[in-house]
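The same chain A turns up in both complexes below, where it pairs with chain B and then with chain C.
What follows is the complex of A and B.
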């Protein structure tokens, strides 16, 4: 060790005094912005209604209980539709997402300059539109019912699955691909032997995760006429049948719980 | 016989990895390729089977000029060149048998390989090779369940399953302990001798190279600066290849089987350096 202790500086700070000051000014500006936004937001609030809110909530709550359990058998068909919409929609999305993911991944795309941007655009387009909006458009095109819901779920899910899958493809170990390529294997064989084994766990996890999300989404798609539990919910809301609404809520909650449990089990088994 | 003529590689970043490399490897000859990290050893062997596309120069394997081949013909020629890797490069989630059989991919159609229905002679060859490398008890294990030395044995069996005319071996022992390193090197050299197979072995450990191969080529900044038998490797030559350093320990270990130069061991880990990312992308280009 060269030098005596005295020759080294004894003070060390992460930021300069100027940097420290700027940081505090930044925080102050953020607080000021928050206060300003709060003022703008509440310009049109009628505080009379807000004060009234607890009473209103209690009133609505009292109308929702007791739930009309006799309505339950009539909900079995819509429940079946909802599960079908989610499952078929997810399957359709998987079929479309796999090629898109391979076209979008930097290491498997045929052309990084032309094909990849198109695939990425497709992914972004699919992801930027909510399933409910897709359903709204598709009900207008295909007509009300389950098929519109299936397609809506599929179109929304393609982007999600393709995005996560292409990220998984880009993260694979290149040396395994190199080794299989070096044996003289064709491109299809390289995908089958070097890429697929590496992305399989991620792929299975992604699909089950999306199915789980789709069960939740398809439960409300009926609100815009795409069939399933949402349709029943809208019917009940229209006639102010609050005890039936409660039953539907409970059913949706149970369905989501079951799907969450199933997807957790499947992911646990694979990874 | 392998012949390289004025092989030059310049990466897109402008890094010149190889400059006018010309050399000939006779049938049955095992060549040790030494040189500092970044000297172009990995690039050199990858230019031979064109996992990295050479910028200029020619590569001949027998009568075939590999550098002039189209996609299909290149694929058929790659079947004749077995490759063994530093980190084994096994497909971790496939079984040992699938990894060895993947050496036959160039010989079978897609659907046969997809359903894992390989021809009987390929399967019996795979069993024979696994027996040869001492892994008969691990046929159906997943590759990631094996130890380092065992994995490298699978890598050797995979390369041999191709029934190759040439072996390209990239740092076969860099991730292995000294004893396993010697066992693996001995196995490789024995197998090459048995079937008269020529091989190029990239190797960091000078002592190990001296112990096992009969011809050493020294690469420095992409040029061949030494080509001769291992006993000609003295302090002057090592200084030409690697630069100024105290080489007495390195040379002495050549005659001492058990002692290992600690610096040689440490160097093994930062092998994939400088233009690694570009190299990775160029390797993957073989796919598209």
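What follows is the complex of A and C.
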């Protein structure tokens, strides 16, 4: 096995020459792709506006302060609507996500060949469309207002909750299922006594986590007409009332911080 | 070992999820009161919903027979903007977030740098993309450049935070070994830390590419370019078949991105 010392390279190298070459080609391709995309993207960019941006930013900043704090009381109803959209949307999503998750999990699905792909497709479709786009559709269908926001939040959250939940179901300890089955339990009883207790902490954590995300999302859903703080934001933006926009931003920031704190506390208590 | 007296229950009952009964009933009661209040303040206009069902049916029909052709040039333009915006913003976002992520790792950065970088991360994470897009559109004008800046900014918060946490979780022994050879700070980062976090960094970058595409389909609603603007226009014109075509394309691209990124991540790790 021993080669002559002269045949070894002088310095330690991580890769072979061929490996290094391939790596460089890969990086080069990435840079080329980036430059190409940059060129295509900025075909229509008015660089005049971009150069002007610092002045615009200063101008915007001077308009946004001082915030018009007297606008705050008028925002309490939209804030309540926002919280409702997030909470009710999460609840609706939970109701829909549980059966989907059980249909999608490999160990509980009735048919791995037919039912599971359908459930997975539903999960992907729900996850790949943002809540704002769902809201855009639902405002057109069921009209502007809080109900459209609730359904939009729910449809977006179904995929998220179902995905994390079915992964949790697939990771359960099979011996407990076997033990409960051995007592002669029906399949509903197996789910109730062997699977549910194992996934309950993960499930509660997922729901609270999603609720936290939904608070953020429902704060802006009003931009497309679905009620809540976003609607007030849209109204203020339309009349260029920047001092009011500042108040709304501060309120959204505070709401998000509080919801994040609540969700962190609850998850800490559960797990 | 006590023997079971007849007074003891002989039927086993499972312990409740929340053990403290007072806390349990307080939570249940609070939930019921909240739900009553919440439903009382929502006014559903059932007449409007009933009228909307017809549109809903048209939308479902649009999904079954999507119309790719009549607005194809708009769709192609929007998709091109979305895809290029995704790639450029992800690359720029990664380039900026790597130094910030290193600076935000407590075990290799001095305190002032740590606080500064954590501040940037908190700033970037606290507002969602759409709000940042509103501000950037106001500053930089309409179009994909504002969207590109928005997504880059959002990428920084996401990637730097996870990278910093990953660096804080590394195996210290390897960094210690490199340090023991007399390596400087750069060499420790390059030889002791970078090899440990690289697979995860690549995985996170691909994941962020995924997220950026999804977000790029939304920020167009406030004028930051991309397929979202096309979708918004299609909805405003009641062209549900074109809107369905756009949504189907978004779903398919997201699915492709998700599968290929999970494939690459498996290959890297």
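Going forward, the second predicted complex is superposed on the first by the 243 of 271 C-alpha atoms of A that agree within 3 Å, B and C clash if a C-alpha of one lies under 4 Å from a C-alpha of the other, contacts with A are read in each partner's own complex, and residues count from 1 in each chain.
Keep in mind that, in the parts below, a contact is a pair of C-beta atoms (placed from the backbone, for glycine too) under 8 Å apart; a residue touches a chain by one contact, two chains touch by 3 or more.
These figures come from a predicted structure and were not determined experimentally.
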Worksheet item: Touching A:246, do we find chain B (first), chain C (second), both, or neither?
Response: neither
Practice prompt. Scan A:33 for contacts with chain B and chain C and give back first, second, both or neither.
Written response: second
Discussion item. Applying the document's definition of touch, where does A:125 land relative to chain B and chain C: first, second, both, or neither?
Written reply: second
Discussion item. Looking at A:53, would you say it contacts chain B, chain C, both, or neither? Reply first, second, both or neither.
Written reply: second
Practice prompt. Of the two partners chain B and chain C, indicate the one touching more residues belonging to chain A.
Written response: C
Worksheet item: Which partner does A:186 reach: the first (chain B), the second (chain C), both, or neither?
Response: first
Worksheet item: Touch check for A:142: first (chain B), second (chain C), both, or neither?
Response: second
Discussion item. Output check: A:259 vs chain B and chain C. Expected answer is one of first, second, both, neither. What do you get?
Written reply: neither
Item to complete: Could you tell me if A:197 is touching chain B, chain C, both of them or neither one (first, second, both, neither)?
Response: both
Discussion item. With both complexes superposed on chain A, which partner does A:44 reach: first (chain B), second (chain C), both or neither?
Written reply: second
Worksheet, complete the sentence: Intersected contact list for chain A, partners chain B and chain C 193, 197, 200
Worksheet item: Touching chain C in the complex: which residues of chain A?
Response: 30, 33-34, 37-38, 40-42, 44-46, 49-50, 53, 56-57, 60, 80-81, 84, 87-88, 124-125, 127-130, 132-133, 136-137, 140-143, 145-147, 150, 193, 197, 200, 204, 216-217, 219-220, 223-224, 237, 249, 252-253, 256-257
Discussion item. Can you tell me which positions in chain C touch chain A when the two form their complex?
Written reply: 14, 17, 34, 38, 41-45, 48-49, 51-53, 55-56, 59, 80-81, 83-85, 87-88, 91, 126-128, 130-131, 134-135, 138-141, 143-145, 148, 214-215, 217-218, 221-222, 228, 231-232, 235, 238, 240, 243, 247, 250-251, 254-255, 258
Worksheet item: Which positions of chain A touch chain B when the two form their complex?
Response: 107-111, 173-194, 197-198, 200-201
Fill in: Contact footprint of chain A on chain B as seen in their complex
49, 51, 75-79, 81, 83, 85, 87, 89-94, 98, 102-107, 110, 113-114, 155, 158, 162, 168, 280-281, 283-284, 286-288
